[in-house]
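What follows is chain A paired twice: with chain B in the first complex and chain C in the second.
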Partner chain A sequence: MFNYNFRWNQALNALPQMLDGALVTLQIALLSMLIGVTVAVLLTMFRLSGNRILGGFATAWVELARNTPALFQIYMAHFGLGAFGIHLSPFTSLLAGIAFNNAGYLAENFRGALKAIPDTQARAARSLGMPATQAFRLIVMPQMFRVAFLPATNQMVWAILMTSLGVIVGMNTDLAGVTQELNARSFRTFEFFAIAAVIYYLIAKAVTLAAHAVAWRMFRY
Partner chain B sequence: MKTAFVAGLLAATSLASVAHADALDDIISSGTLRCAVVLDFPPMGSRDESNTPIGFDVDYCNDLATALGVEAEIVETPFPERIPALMSGRVDVGVASTSDTLERAKTVGMTIPYFAFEMAVTANEASGVTSFEGMKGKTVGATAGTYEAIALEEQVKEWGTGTFRPYQTQADVFLALSQGQIDATVSTSTVAQANVKTGNFPGISVVGTAPFDTDYVSLFAMREEYGLLNFLNLFINHQVRSGRYAELYEKWVGGEVPDLTANGVYR
Partner chain C sequence: MIEIQNVRKSFGSLEVLKGIDLTVQKGEVLTVIGGSGSGKSTLLTCINGLEPIDSGRILLDGTEVHAKGTDLNKLRRKVGIVFQQWNAFPHLTVLENVMLAPRKVLGLPKAEAEAIAVKQLTHVGLGDKLKVYPSRLSGGQQQRMAIARALAMSPDYMLFDEVTSALDPQLVGEVLDTLRLLAQEGMTMICVTHEMKFAREVSDRVAFFHKGVMAEIAPPAELFGAPRTPELQTFLSATH
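Right after this comes the complex of A and B.
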């Protein structure tokens, strides 16, 4: 039987520390999305370019990012690069791992979104005299973002949850790291993990709601 | 007739549940002792080439099972999972090199010490760290959730410079140390020597001792299981006076056997 008496008062004393951790978590997730979107747009353009090397590079990235565990990607950013003498701090390793993952998934998102935009859009733009790059930047890309925006918020939520993997590379300032440490000191596992779960839930929910609000404001016809 | 029999059976079962069996009874009647052991912590716990758990803690669990007249089952638990494993009923006893801090004793029942660690500083040879004080201002790390990690992090805070990084496993700490991601670590001297000896981690060496208090470690069980805790205390006492403790120490560690008593005070 589960034999455990909950002591919430003791655990709740640590709430300020955990909320500080939650800020770091959110910060990493946001940064990783910024980097992820930027790289994913580049990867999408590489794949559209028709250039074999660039296209192959983008495909390799997407394949690796989507078909290996995020845990492995983060571990490799820290210990894999470390083996070659490139030392990233836990923060940077975690950020790099998640950004790598995000870029892969978002590139696929964007590819799907592009498929949803009729070819006639680009052709109409070209026939108005726009060069290819301008047509892509001004006509296709904004529509691509509109289609991909809500699916991309999934990735944002996923990024928030992935930050908890930082503990494997020595991250101790984000929510999972702070929780682990509080747990190690006191052995009050279930209280701290329950509080952490609630905080993760609230952040993820807030992000989803905010994204819907933004989408409603920005993308209505 | 039949109903009387069923009623009798029911009465018997309800009587049996009144005479509540404690954890010690449960272990003996189940015939299996499930021990939480950390298998990432040589020489206390690790795996040999055929993936069989070996180490001081594994032998200690086997001895305990023999004393109880049951089979031992080694349940691998990384450091942070020791307590959840106990609380969720996956293990009966922790033989997991667990430091007996007062903070933790509020949650689990700790026995008298069954082993004691001295702390050693291991450094990357390129870091220039040659002593405990030399770690000031450097990037240091240790295994998350251990006594030495908690003590080292506090020391870094007290120095006010440098960085502390907790890694999830002892192997990751030594990997990070060997790669130069961290400059030095504090670990139990047994672990430090065992890891340096393996040759898996080039460029590191033990450079001195850390002036932390002796790290006494105890077995743990559910806090309210006095019957079991009482048995465990007596078992530890017997291990020492029968010479088995010294024998196991010689087998797995070697050198001077650490004293398990604190002078001038009873437990």
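Right after this comes the complex of A and C.
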């Protein structure tokens, strides 16, 4: 009944390929966070603007991103847009799907963080002659980032793990894609996926530790 | 000159300012006293346009604060305000707190903004705290920093909203000393305060607010020496 023979050598020989894949994974995750944070700041400003159209747009984004599966979001970026003649590469559609998801979660994270900053901060800034946008950018936003930073690292870890969903749109250069292809050729399923899991774990851990170091350095006050 | 003409202001159904008329001349030190909820703090935030008014006019050197076309951001450069809760910017050092607005609002070069900030911070006795974050300062020090921050914009007017009310008693003195210094230097000031001794000492005139009305206004000797209204008599006997 239990007659599976472990052959680690074959899997370990493929380690360089898998590590190349891990780099692609990290690259997508970092890019998706960069885009996600930027868009989330915009969505947050839209929601604060009091403009109904902008606010509605931001709310719709957050609702969709948080209440539909990430898999569906990536699928839509690839095949959904494909139906309208917009053909994105697997890399781009995976990046777009994760960035969309990140932006939604981060916008909600920023909204919570804003509640922790007293209105009097913006008021004090305005009383020094700063226009509202400047007061937000120089006084409110930096404090918001501090409150939101550690929760945002969770999203970064989540982004790393979400990259594995790329296999459904034919992504074959990231860690999950490379592993999948190696598995298809060798059927050493357990070995390859165990090693991939360890690599995912190590990347996620490294990112969390790095984030704590950055937070310690950046938020001295 | 600050001219306040028949200003009315409500929060919901509560009318906090019931037709205030008041003129403050250049160089004058006016203190405003009165119980809580008398409208005195609201008046200050109306003067720099942080709060809208319902009717009446406030003129600052002839510019109507609440008129549609008024550039409030520009106007606020002339009017410094310091709040009861000092509102230090926690993510900036003491020096950065003070030099931020001169740099970003007035557009001064960094070196010049820094020189102004150092001068103002030294002026309020914080010359040795430039590089620390506000969280390392006592309440009194943070409040003096907030005063330096407002002064760094070289305002023509300063508004002080109960700046010692949130401080421990032993820290009140250092902040009041800073205000005294400013008064001596000829700064035009409106100070909302509960410090009667201070009001008596530094003011050119003292205004007594009661339930949204300016019940009395007179030089301190007269106002404290011979209060005319029963409300002020009651207020003064309660605070002593």
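The working rule: the second predicted complex is superposed on the first by the 218 of 221 C-alpha atoms of A that agree within 3 Å, B and C clash if a C-alpha of one lies under 4 Å from a C-alpha of the other, contacts with A are read in each partner's own complex, and residues count from 1 in each chain.
Keep this in mind: a residue touches a chain if its C-beta (ideal position, glycine included) is under 8 Å from a C-beta of that chain, and two chains touch if they have at least 3 such contacts.
Because the structure is predicted, anything quoted here is derived from the model rather than measured.
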In the superposed arrangement, does A:Leu128 touch chain B (first), chain C (second), both or neither?
second
If we overlay the two complexes on their shared chain A, which of chain B and chain C does A:Arg188 touch? Say first, second, both or neither.
first
Let me test your reading of the model: by the given contact rule, A:Asp20 touches which partner, first (chain B), second (chain C), both or neither?
neither
May I ask you to decide whether A:Pro142 touches chain B, chain C, both, or neither, giving the answer as first, second, both or neither?
second
Please indicate which partner A:Val167 is in contact with in the superposed arrangement: first for chain B, second for chain C, both, or neither.
first
Looking at chain A, which partner touches more of its residues: chain C or chain B?
B
With both complexes superposed on chain A, which partner does A:Thr120 reach: first (chain B), second (chain C), both or neither?
second
Let me check the overlay on chain A: which residues of chain A are in contact with chain B and also with chain C?
none
Of chain B, residues touching chain A in the complex
79-80, 83-84, 87-89, 103-104, 106-108, 141, 144-146, 149-150, 164-168, 172, 175-176, 179-181, 222
Interface residues, chain A side, partner chain C - complex:
118, 120-121, 123-131, 134, 138-139, 142-143, 146, 219-221
Enumerate the contact residues on chain A facing chain B in the complex.
1-4, 78-79, 82-83, 85, 87, 90, 167-170, 172, 177, 180-181, 183-190
Quick check: in the complex, which residue numbers of chain C touch chain A?
48, 50, 73-74, 76-77, 80-81, 83, 85, 87, 89-92, 100-101, 104-105, 133-135, 146, 149-150, 153
